[in-house]
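Both complexes below contain chain A, partnered by chain B and then by chain C.
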Partner chain A sequence: MGLTKQWVSAFGAVLLALSAVSVQAETPKHGGTLVVSIGTTPRHLNPAVQSGIATGEPGAQLFATLVRFDDKWNARPYLAKSWQTSADGLVVTFNLVEGATFHDGTPITSKDVAFSIKTIQTNHPFKSMFRAVSSVETPNPNTVVFKLSKPHPALMLALSSQLGSIIPEHIYGDGQDPKKHPRNSKDVVGSGPFKLVEFVRDQHIIMERNENFFIKGRPYLDKLVMRIIKDPSARSLGRENGEIHLSAFESTPQDILHSKNVPHLTATDQGYAAIGPITWLAFNTKKKPTSDKRVRQAIAYAVDRDFLVNAVMMGTSRPAYTGIHPDSIFHEPNVARYDLDIDKANAMLDEAGYARDADGMRFPLTIDFGWPSAKPMAEYMKPQLKKIGIDVTVRTSAGFPAWAKTVSTWDFDMTVDVVFNWGDPVIGVHRTYLCDNAKKGVIWSNTQQYCNPKVDAILTKAGQENDQQKRIALYSSAQKIIADDVPIYFTDTVPYHTIFNHTKVGNPPATIWGTCSPLDEVYLKN
Partner chain B sequence: MTDYSIQERSLQPTSARVEHPLIETARMFAGNRAALSGLAMLFIIVVVSLAGPWFYPTDPFEMVWSPFSPPGAKGFLLGTDYLGRDLLAQIIHGGRATLAVGCAAALLSVFIGITFGALSGFYRGWIEETLMRITEFFQVLPTLLFSMVLVALFGASLGMITFAIGIVSWTGVARITRAEFLKIRELEYVTAARSSGASNTNLIFRVILPNSLPPIIVQAALLIGFAILFEAGLSFLGLSDANVMSWGAIMGNNRPYILLHGFTIMYPGLAIFLTVLSISLIGDGLNDALNPKLRNR
Partner chain C sequence: MQFLAITLKRCGLGLGLLLAVLVLNFLLMHLAPGDVADTIAQDAGGLDAEVMAQIRKDYGLDLPLWEQMLKYFYNVAQLDLGYSFYYNQPVTTLILEKLPATLLLIISAQVVSILVGVVLGVIAARKPNGIASHFVTILSLVGYAAPVFWTGIMLIILFASMIPLFPIGNMVDVSVERTGFAYMIDVLHHLVLPMLTLASIFIALYSRLARASMLDVLGSDYVRTAQAKGLSEFQVVFKHALRNALLPVVTTAGLVFSGIVSGAVLVETVFSWPGLGTLAVQAIVARDTPTILGILFFSSLVVVVANLLTDMVYRIIDPRIKTAETSEI
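Moving on to the complex of A and B:
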């Protein structure tokens, strides 16, 4: 009986999957309002001077970029219809789409591009994005020439999604501080597929179709509503009862698993390759005893990555073995993985001279965490490291700012952390390992204070190598050295999922930037 | 009707021998079945919490089996929590911290409350004005919010949590103490003590305070229950000491999974419920036993 029932439901699931596939193949329709939920209120909507996904999701709808990426890491034309790179890689010429205008009707010219890059260079926190750009020349309104001081393989990624937003000079070039410009959150003028109607803090961001979008016939949607809902359970409920069509960056395992039981919902972890979020256990490599590589390696052997993925994250995340996301072309899977081996860990600590005392403990360590979803992993370390004689004290921070202060001022032994790759290793990965990026007071710099001149040399070289295959080889060797040094023990990917109503949403965002790319191809069924 | 019967009874001679007040209280208490069962329940809870860890030594933090194992699986009577830790061990070991926080916080608030109430009730004048304004300030504070801010600011350690609970719950004791002092300081025996040369300290500690204790004791008993509930509330919101197991912490840890695996929250909830219930019953019994108006019925 039970078996038959199971077969019937399995058959039903297959039917459902088939019907979903056949529906996907239908031609996109115009019209309708898509309701998307976002979890935090962005500081403002101008991604040229503000990093982070909160600004990125609406920002990519309001502001267009020179290029966009598909789901296979290929740069595609967007505001630039074509481009040429010189043989030495130091001059990149972009030809802009003709007749493109900003939301207020002003034509987009090469001057706006030059102004945007200048603004980003001086105001955006990701300094490595355009550090190699020595000048942006504008020979005519439709041609932009980037002059580079050294080859810059990350240039195309830095010019896509929310990183390289083209902003109008006639609005933001009025001399005001671009970071505090009033037009960052009101009457925003960009050139993306949607125009801002209203942004109410903690409530919603309402956008409507840009009738004069430079890609004819797009976007398909009439209106795009982003509802700001902080509580994950409220979002989950909203998706279930049909109020919310799509939510991105959902990372609560229970909610992801729950959505898989709701017939009209689909949960996918596609669309986060470029963001590249990784959860890890960071060590203070300048403080005893974690300054000892053997101690760090022993801890790595004692942590059970499979348990973290399958039990703590309930199978929603994927194991991560290096600081480059598994969906990146630069990811090297064949590194030292430190698969669970308690005996080996104990032997290593014995050998390193950390004997057990009368209570069976070798030394105490603290572990910090900065947000609620990191607590299970911190709590897990306590009993787990007790097995190798480390007495772990879990330190609960008074919220994110307090945690950021503790970690960035190097006042920690171990901490749970989540860091994003941001597309290219030059932008989001180098910062964690370069010796000169151990900047006290700056969170998500090299807070481990790790310094290996060999790694420095390889990363610097890889950051200027235009040949993709050579770059892959360089990053591969860097990942192997870092895995051996373990300044960080990488545990798993952040289980970001996009959960959407597949009976309503057509062409859900699936590029490497996911919902932080223009949603001009998304349409509403019926 | 009722007035008449009371009057009639009070006119009758009571017992031949005058009982010691403590014995009288005990007799009154022993006659209260609800209070007695509360006392028995609390006794069991305290014994299990204090002695249990010796009989059931499993480390409450140790991951013993797969997460969310149902009750009974692999010999774990209550199952396991979200990290695969033995829930029975957590309940048994967690009782100590829970009761300790409850008693310590109640003690702290009784101490602050008696100090404020006694000083303002005895000296009156500007001292009373000042202390009562401070009491009112703490009275109108949103208690949960204020404690949350304290714990969030100074870190979620057991000591800080105890302090945060104690510091918001003393106003009731202060008001009761002050009222008792105001009443008793005008009585003849206080005047007598004063006229025979008793110092203020003497009057406060040896004359008035012992006589105002009954309502304070009742309030203190109820405060223990209140503090236990408060600790559970803070833990439920994630503000618990991650290095100490308490019943509230078990609830807080497993709260995100309440819809998927509700049993993990049920046990600590039940333990807290029974403890607070027994304390309330005892408090009620004490109230009845110590209340002179209800005596000699």
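Moving on to the complex of A and C:
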């Protein structure tokens, strides 16, 4: 046995060494223009006052942040070269890189960091990111001290990628409303690897190499062009004929599968761990009969997750069993999964007292969906839930706002929904379950109106636990309780894929933030 | 004097129509549940309750509907189309920014479709039962029946993917910097496919029209006289017959202007052409009421003016219409 094990590990070591050699064989090259496609026009390019991936992709190129993350959830130095956390976790001190400047040549100081955090606190939609930050002190130009009202482990993620963009005070601090600042779309000044050349709505965003980027020798590319192409099939054809080198956030199963048959293209679902998009079936837990836990469980047993993943999504998505993305370190795979069991579902409904009527039906339910790609799943529910005597009516909305209105005013039984994790659970996960976040009129709050004081207590504790292992354990227990209560039946991940031309693109973005992280290491082959 | 009276009456009707368009569009926009705050939340990946309430307050969405409507009309009366909720820019700026691209597309498509349509129509009319005629009939049937976005995608697959002659979309190639003449050529290169797509429907329309009216005219006495005089076939067809046969084509060209505008919406979306259509689609999806109303106001203005002009021009060149209208008054 021992021998075999040794052999296996030796073989593994050889493989590792081989792969290391082949990786090293390619040295990044300088120069060239990378053409990336994006599917939507961002409202503007300033991520400090606008969240979302549309602004995040260009925003992470234009604005640097204090830290960045690798592909294993480790914080790495970026604008901050080092940091220390006090023993009680209430004081975090960052030491800034010396000599870093904004695109206009002005040095970046601790004052800019303090100004940025204040701007984000007032204007960014995600209040949970810096709510715990009571003050940001600037003892000298290269030191920033975050004073926290309670330990805040989400701080590092909130200071990375598009979330914690450092913006220049001498430009955005001129007294104008930062949300409507003219410099958000024109003459944008940040300190990221690329400088803005031109942003033409519905056309393109052109960026060029920041010669004075604070990481020497980077970025590799001379120019980064983002072409705005809304039609997915046009983007697909563009990748095929070589006009587009890379597209991120592609989620049409047909296009993903098609790209796998094109010799020069590679499709990967790596790079979406932090965004953490999950598709699910949400229940209104305050409305009969879905207020009954047994009804929700029965429905969960009646839905065939494998069918949704393999047939509806054509195998491009991955099953999700909880509200935390499978690529997150906080994901707990061992929860109640409700694998398909129609008999059990029927028995549960019988037991709960929902007898079948003369037509074999127990009760009617509605299901809503808000965007075209959610339609197949909503329609699948109708015949599937008929098997357990539920008469489902599929309700089509007049676009996203109409759906959002219906769901956020709690006028629904069930709905297909997609929610993003946004890096740390404090930012994107807690909002779905906390009792006091059931806010009428606000989409992606706790629209299920789920309330379990035990879950509330665990989540609150986990949000302040600086010990990673303890934190993982807390989220694990929360996920188990939520899976048992089923306010939401989780189906699968959104099949976001990055599709790129591997004959051209070297070092494709693979960190947890994917293309919403600085593309300073990406290079063009030949 | 009478001409002036009729013109004034027409202008008055046009104004009334514009007002009706505005009221109707405003109410339609508010008929659908949800508002721009929801779309902003969608883009942002979620908004906190306080932020959402602030947005609704900032844009006056918390006011009663009649108050919102009065405010809007008050502004429009002063020729102020308002401020876009979604883009945080004046609507007039947005529209003027996008107008040139749309005009380029619409006008070139119109010119090409009239030219090609008429030529095809004449060819078909010369031998109504010949192979060429059947070919034109089939072509126009397919062109008219095929959804314009489908035609667009087919053209992309054919001429941008299988035979990569043209780019898949956008208006300029941004990977290389171009100025002056090279820039113009680049724009024209990008224009070919969207223009052909948009023209395809109207080629069908005009070729059928030209064929029908040409057949009509070719059978008339004066054409037979011209032929009897011993004029060449070319002179008979193009100098004598075509001139009269063109009248219905010209009229229709003015009338289908609104059709072209709506066709442009689809074409622009398929080809990522940065015109009013792309803006309109984005604004509708985003529930950006001021922008949609601005675009609809603008396009109805264009259509009303185009119809008014066609009417006036026709009144001048065709005496029959004048008498009919006069006897009515």
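Heads up, the rule we're going with is that the second predicted complex is superposed on the first by the 501 of 526 C-alpha atoms of A that agree within 3 Å, B and C clash if a C-alpha of one lies under 4 Å from a C-alpha of the other, contacts with A are read in each partner's own complex, and residues count from 1 in each chain.
Keep this in mind: a residue touches a chain if its C-beta (ideal position, glycine included) is under 8 Å from a C-beta of that chain, and two chains touch if they have at least 3 such contacts.
Just so it is clear, the structure is predicted and the values come from calculations on it, not from any experiment.
Participant: Taking the superposition on A as described, I'd like to know which of chain B and chain C A:398 touches: first, second, both or neither.
Facilitator: Both: A:398 reaches chain B and chain C.
Participant: A:457 contacts which: chain B (first), chain C (second), both, neither?
Facilitator: neither
Participant: Could you tell me if A:378 is touching chain B, chain C, both of them or neither one (first, second, both, neither)?
Facilitator: Once the two structures are laid over each other on A, A:378 reaches chain B alone.
Participant: Which touches a greater number of chain A residues, chain B or chain C?
Facilitator: Of chain B and chain C, the partner in contact with more residues of chain A is C.
Participant: Please indicate which partner A:252 is in contact with in the superposed arrangement: first for chain B, second for chain C, both, or neither.
Facilitator: first
Participant: In the superposed arrangement, which partner chain does A:435 touch: chain B (first), chain C (second), both, or neither?
Facilitator: Touch partners of A:435: none, neither chain B nor chain C.
Participant: For A:329, select first, second, both or neither according to whether it touches chain B, chain C, the two together, or no partner.
Facilitator: So A:329 meets neither chain B nor chain C here.
Participant: Could you look at A:406 and tell me whether it touches chain B, chain C, both or neither (first, second, both, neither)?
Facilitator: Second partner only, chain C.
Participant: In the superposed view, which residues of chain A touch chain B and also chain C?
Facilitator: 398-399
Participant: Per the contact definition, I'd like the list of chain A residues that touch chain B in the complex.
Facilitator: Interface residues on chain A, with respect to chain B: 252, 254, 257-258, 307, 311-312, 372, 375-376, 378-380, 382-384, 386, 393-399.
Participant: Using the touch rule from the top, collect the residues of chain B that touch chain A in their complex.
Facilitator: Residues 59, 61-63, 66-67, 82-85, 152-156, 238-239, 241-243, 253, 256-257, 259-260 of chain B touch chain A in their complex.
Participant: Enumerate the contact residues on chain C facing chain A in the complex.
Facilitator: Per the touch definition, chain C meets chain A at residues 32-36, 38-52, 86-88, 97, 153, 156-157, 160-161, 164, 167-172, 174-175, 269-272, 274, 278-279, 282, 284-285, 287.
Participant: Taking the complex as given, what residues does chain A use to touch chain C?
Facilitator: Spelled out, the residues of chain A in touch with chain C are 33, 35, 40-41, 43-44, 50-55, 125-128, 179-180, 200-204, 206, 223, 225, 227-231, 233-234, 237-238, 240-241, 243, 398-406, 408, 419-420, 422, 428, 431, 439, 441-445.
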